[in-house]
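Got a structure for you, written out below as structure tokens; questions coming shortly.
Read from first to last, the chains carry the letters A, B, C and D; within each, the first residue is number 1.
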Amino acid sequence: MTFSAAVSGASGYAGGEVLRILAGHPGIEIGAVGAHSNAGQRLGELQPHLHSLADRVLVDTTVENLAGHDVVFLALPHGASAAIAAQLPPETVVIDAGADHRLESAEDWDQFYGSAHAGTWPYGLPELIVDGEGARQREQLRGATRIAVPGCYPTSALLALAPGFAAGLLEPEDVVIVAASGTSGAGRAVKPHLLGSEVMGSMAPYGVGGAHRHTPEIEQGLSRAAGERVRISFTPTLAPMPRGILTTATARVAEGVTADRLREAWLSAYAAEQFVTVLPEGTWPATKSVAGSNHAQLQLALDPRAGRVVVTCVIDNLVKGTAGGAVQSVNLALGLPEDTGLNLQGVAP
Amino acid sequence: MTFSAAVSGASGYAGGEVLRILAGHPGIEIGAVGAHSNAGQRLGELQPHLHSLADRVLVDTTVENLAGHDVVFLALPHGASAAIAAQLPPETVVIDAGADHRLESAEDWDQFYGSAHAGTWPYGLPELIVDGEGARQREQLRGATRIAVPGCYPTSALLALAPGFAAGLLEPEDVVIVAASGTSGAGRAVKPHLLGSEVMGSMAPYGVGGAHRHTPEIEQGLSRAAGERVRISFTPTLAPMPRGILTTATARVAEGVTADRLREAWLSAYAAEQFVTVLPEGTWPATKSVAGSNHAQLQLALDPRAGRVVVTCVIDNLVKGTAGGAVQSVNLALGLPEDTGLNLQGVAP
Amino acid sequence: MTFSAAVSGASGYAGGEVLRILAGHPGIEIGAVGAHSNAGQRLGELQPHLHSLADRVLVDTTVENLAGHDVVFLALPHGASAAIAAQLPPETVVIDAGADHRLESAEDWDQFYGSAHAGTWPYGLPELIVDGEGARQREQLRGATRIAVPGCYPTSALLALAPGFAAGLLEPEDVVIVAASGTSGAGRAVKPHLLGSEVMGSMAPYGVGGAHRHTPEIEQGLSRAAGERVRISFTPTLAPMPRGILTTATARVAEGVTADRLREAWLSAYAAEQFVTVLPEGTWPATKSVAGSNHAQLQLALDPRAGRVVVTCVIDNLVKGTAGGAVQSVNLALGLPEDTGLNLQGVAP
Amino acid sequence: MTFSAAVSGASGYAGGEVLRILAGHPGIEIGAVGAHSNAGQRLGELQPHLHSLADRVLVDTTVENLAGHDVVFLALPHGASAAIAAQLPPETVVIDAGADHRLESAEDWDQFYGSAHAGTWPYGLPELIVDGEGARQREQLRGATRIAVPGCYPTSALLALAPGFAAGLLEPEDVVIVAASGTSGAGRAVKPHLLGSEVMGSMAPYGVGGAHRHTPEIEQGLSRAAGERVRISFTPTLAPMPRGILTTATARVAEGVTADRLREAWLSAYAAEQFVTVLPEGTWPATKSVAGSNHAQLQLALDPRAGRVVVTCVIDNLVKGTAGGAVQSVNLALGLPEDTGLNLQGVAP
């Protein structure tokens, strides 16, 4: 059986990546391909790398065009998805790459987004440990018809630290996360500081001081795993590469926790996960190893001087961090094998 | 009056950068240019960007060749400088870009370098605040004849956090520093993971878990500023750019410390410093702004949710982080104006 | 039916890319994975992006290990493949990513490679027009048991210019080809000029003056298409990117040839080719559009002032230029659909 | 004696680079710093790498603001400079980084720019050989009060080929020039294809088929050197680096011309030029070697198979290709030593 999918936001990076993955997905057929200002253009003009879809013509992102599909991928600006979803049939699988339905706390939403809270949808990070018993988020995604795709930074930060919090090995205060992202994370809108001339050869922070909107989303996931409120200091930085996130996450370990105990916790957390790998000891992850693939690679070390664990995690922000994670969640929603269409190697060098 | 200088390690990146700066220094004349395996070659073959020095021929790094100059720059592998310095006249200004003479603690030296401690020389970071009264390291450099050039990461980390510790605003525990460095920081020796094919488009951590040798050096400087022992978690990462360091440093603020109080501490610390700038509020530093220059640019923010300050600092690892800082210290040693030969703008874009 | 394949040179970039493609090939199963100095290591240590093959252990590149497979991919240094192939059964499909069996002229071989000529194998560029009637190279590949993979530069240069020569529209003298390649084209061996610090932010030519070994290979293919001897000036350059080739090829057009006539020749040459696209007018190719894919994208323009046509062509040097072209040829040799395992979109941005 | 200079277009890349160089120029003091839409802002907000000028406030680009200086640098859109220059005193040195006054042929101007020809000013490329006797362009710049800065591509192409044409060694037909430029050559205006995400890891041609506006400018200079009409095929490409141009220029050599004869012509052409270097044999130029400096580095080779010489030339498009060449010409205009303020090494790696 083949399901049909509509994809909006197809002229952007997230939408393009959803199309790239769906083009190789044996269980989903691409239907309407929607865009805002580019409606009427050939996809080949906007996404010349999507060879097999080059002659598709973009349509307007209207409910009429999106309806009638089994799945609707929304890659729209914040605030736009709720209204569209409300007009789609309840049995349609609607998956939102935007932030609108990620946060449970209306207060957090208000503080960081400053608009009305649209409600919460199941969070599309299947491997996430959601309690001290090791339950996973994927259970909430099976058969779901509304799914919120996690932010790219939260995907890597949560995969990095949730095992330690779920196992009770980490202190909930003084958690520090610093992440470096490729420029595609900033989207395709043209802004002066995203010019190649500015970006190449340069690294720069932004959203410093807890101002980035992914902060409460990371805290929400870690708090759930920990069973208590976790507070983080999160600093994102922009790196001179088109794709990839390297997250460095560090937390104080609880009294008496050893390196072996830590390693065991992470290994057991991901032993059965095909898209999340704890690398062999002595090997550190590089973003290039997961470029184009739906994998996360992690490594951790105990710093005995500082009494902290440092966990590093790499993902492709556009794949595991957005489009790949979305397709993985949709597979669960549709009852397909979770890895359908996602057996992608990394593209390196 | 013009001083003469010998430069060893001239075929490497640090030595090349010392030569680049000295070529424009009105008070210092370049004498012997030494290298190890490349002796006998024209400098133009190895450093084709040093246009005015292209026809200089490299000599062996022997005491005979280095002696007879007012200043000797050593850019040699760890462990090599002490023996050479011992054979040079005591009045010669010997400045060591290696680590041998940076650490005061023989125990730290042993733990991180695993060899006999060569002793401590004055630390070449003039702007560093060394006590709660705001005294600066530069006083120890005036007239010095032996100088240890700081590591590149410590330069940025110490400039980032010392003002807060000296002012008593930060807690000495749970200090976290994550830094991204351009590849020239790893030197010019050919290693597989430093190939362009591997580096471009990729970010990767290394020395995770407190293993990097710059860790005790940063702790030493922060502890001096704080007047108490400071412990850090330090994680370096390799970024896809040839030059530059972006350091993100964060520490818990003491009870009741406000954003204004923090800002005031950093502003007053660097108000009189021409090479260290706290950027106007709302502006975040980018490594490219200091590429090729001896400047550090900083910005800070209080994260009230996390109760931490986040300080970001950019330098050029080869200039302020090595060769520029070295020349600045030598200027002090020789009694020249501190900025002689160092009024370099950044080269951007 | 599934065929088995052995892959040698698996620790290098070409071998790694063959494995990446075969991992998604439904008709070929990966058997022995061979390497030289890295035998005994896990593939995950050397090619951490090949997620599904991480636990494969590399074996020595011996005839014993390679024999017993339906297909043997050789990615070895020049001069090594003939001896191995001679010891493999004649019905085994042996495909050589090296240069040993590309050139028909022993004289050219001697001039550019300086060793004994190993003979000529069918040339693995299926789309290549080989005569004025429009016959294609793929006919020589169906059922072949020995195949020479074209060089990466020749792949792009021949695809760019063969249509014009086959149609009699171009003059055989004063053909000029300038190409920019990503650094993976230089392989994974560590050399000082390939360090990331040297490569990033820099472009440099090499093999200038007709010295590059791909020169006679390009002339051989163009001469065959033209039915007369074609001479080229070929200059390769190294670009600051890991993958991709942009070839700019220009030739004098014959008297009276119009822009429409030129366009028609290229369009008709590739109308039936799924891996070679002449872009719509006004659109110029970018290497990123074919990164990770087996596609070539071309565009051409007549320069009426200069009386020349300029054809630009982009490929991924490791895919269409090496591993993808190899798999495509093997598909033909094995009687599989030519595009099996090769329906890869580009990975952009 | 110190001259005063006004700089317009100071928020762009060319204007910023003029300021970077003037900041270290001992004979010129920076006066008004003008910009269009950014008037009123601190220069530090727009050009944070210009440390010593950070507190300068940008003024409107009006004649009132520019008048009263000895020198006026114009870095404005095409068509804007003539009107301003007409209102400035005739003794003011006005130097135009735009194209308005470069071309002598009104017909060429009309064909490539499509507007009224503003007339011709002395061409600011001092080292250019302008006839078969070896006369240089610098003679026209001494004491000049109106100067047209050459385009960045023409600077490198003319330096590459003029010696051969002036010496009568090259044929005027079938000259082919392919050049790769860093993205700063496209300016600071935000355009989708100049986003970092698009540019990094990608090379792409543009203006193919003789359409680039620098084509007639290159032909003009080469024709003057040759004493006959020279026609070129010129193809520019965009490379994933912020700065630098690598030009590959090739021409058919006249009957009987030897490699030695060619080498001698280029060596003698530039023996007395401090900013143009023919590299030692066997060494090929890299753009990084001239990053940030006013130097051009060249190398050439005879291709005996093709009967052509290939000349490669690297410059920094913003320095020798724009701002450095401009200052060099202004030095000649003011009667200062030609290299005043221009003894800059390259910044590498």
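In this section, a contact is a pair of C-beta atoms (placed from the backbone, for glycine too) under 8 Å apart; a residue touches a chain by one contact, two chains touch by 3 or more.
Because the structure is predicted, anything quoted here is derived from the model rather than measured.
K.L.:
Which chain has its C-alpha centroid farthest away from the centroid of chain B?
P.N.:
C
K.L.:
Could you tell me which pair, C-D or B-D, is linked by more C-beta pairs in contact?
P.N.:
C-D
K.L.:
Report the inter-centroid distance (CA atoms only) between chain C and chain D in whole Å.
P.N.:
That pair's centroid distance is 37 Å.
K.L.:
Considering chain D alone, which of its residues make contact with at least two other chains?
P.N.:
Where chain D meets two or more other chains at a single residue, that happens at 13, 182-184, 188, 195, 197-198, 200-201, 240-243, 285-286, 288-289, 291, 348-349.
K.L.:
Which residues of chain D touch chain A in the complex?
P.N.:
Residues 13, 182-184, 186, 188, 190-192, 194-201, 240-242.
K.L.:
In their shared complex, at which residues does chain D touch chain B?
P.N.:
Per the touch definition, chain D meets chain B at residues 13, 16, 20, 23-24, 42, 44-45, 47-54, 183-184, 188, 200-201, 242-243, 277, 279-280, 283, 285-286, 288-293, 295, 297, 343-349.
K.L.:
Can you tell me which positions in chain A touch chain B when the two form their complex?
P.N.:
Listed in rising order, the residues of chain A that touch chain B are 174, 176, 178, 180, 182, 195, 197-198, 200-206, 208-211, 215, 231-233, 235, 237, 239-244, 246, 248, 250, 252, 284-289, 291, 299-308, 310, 312, 314, 348-349.
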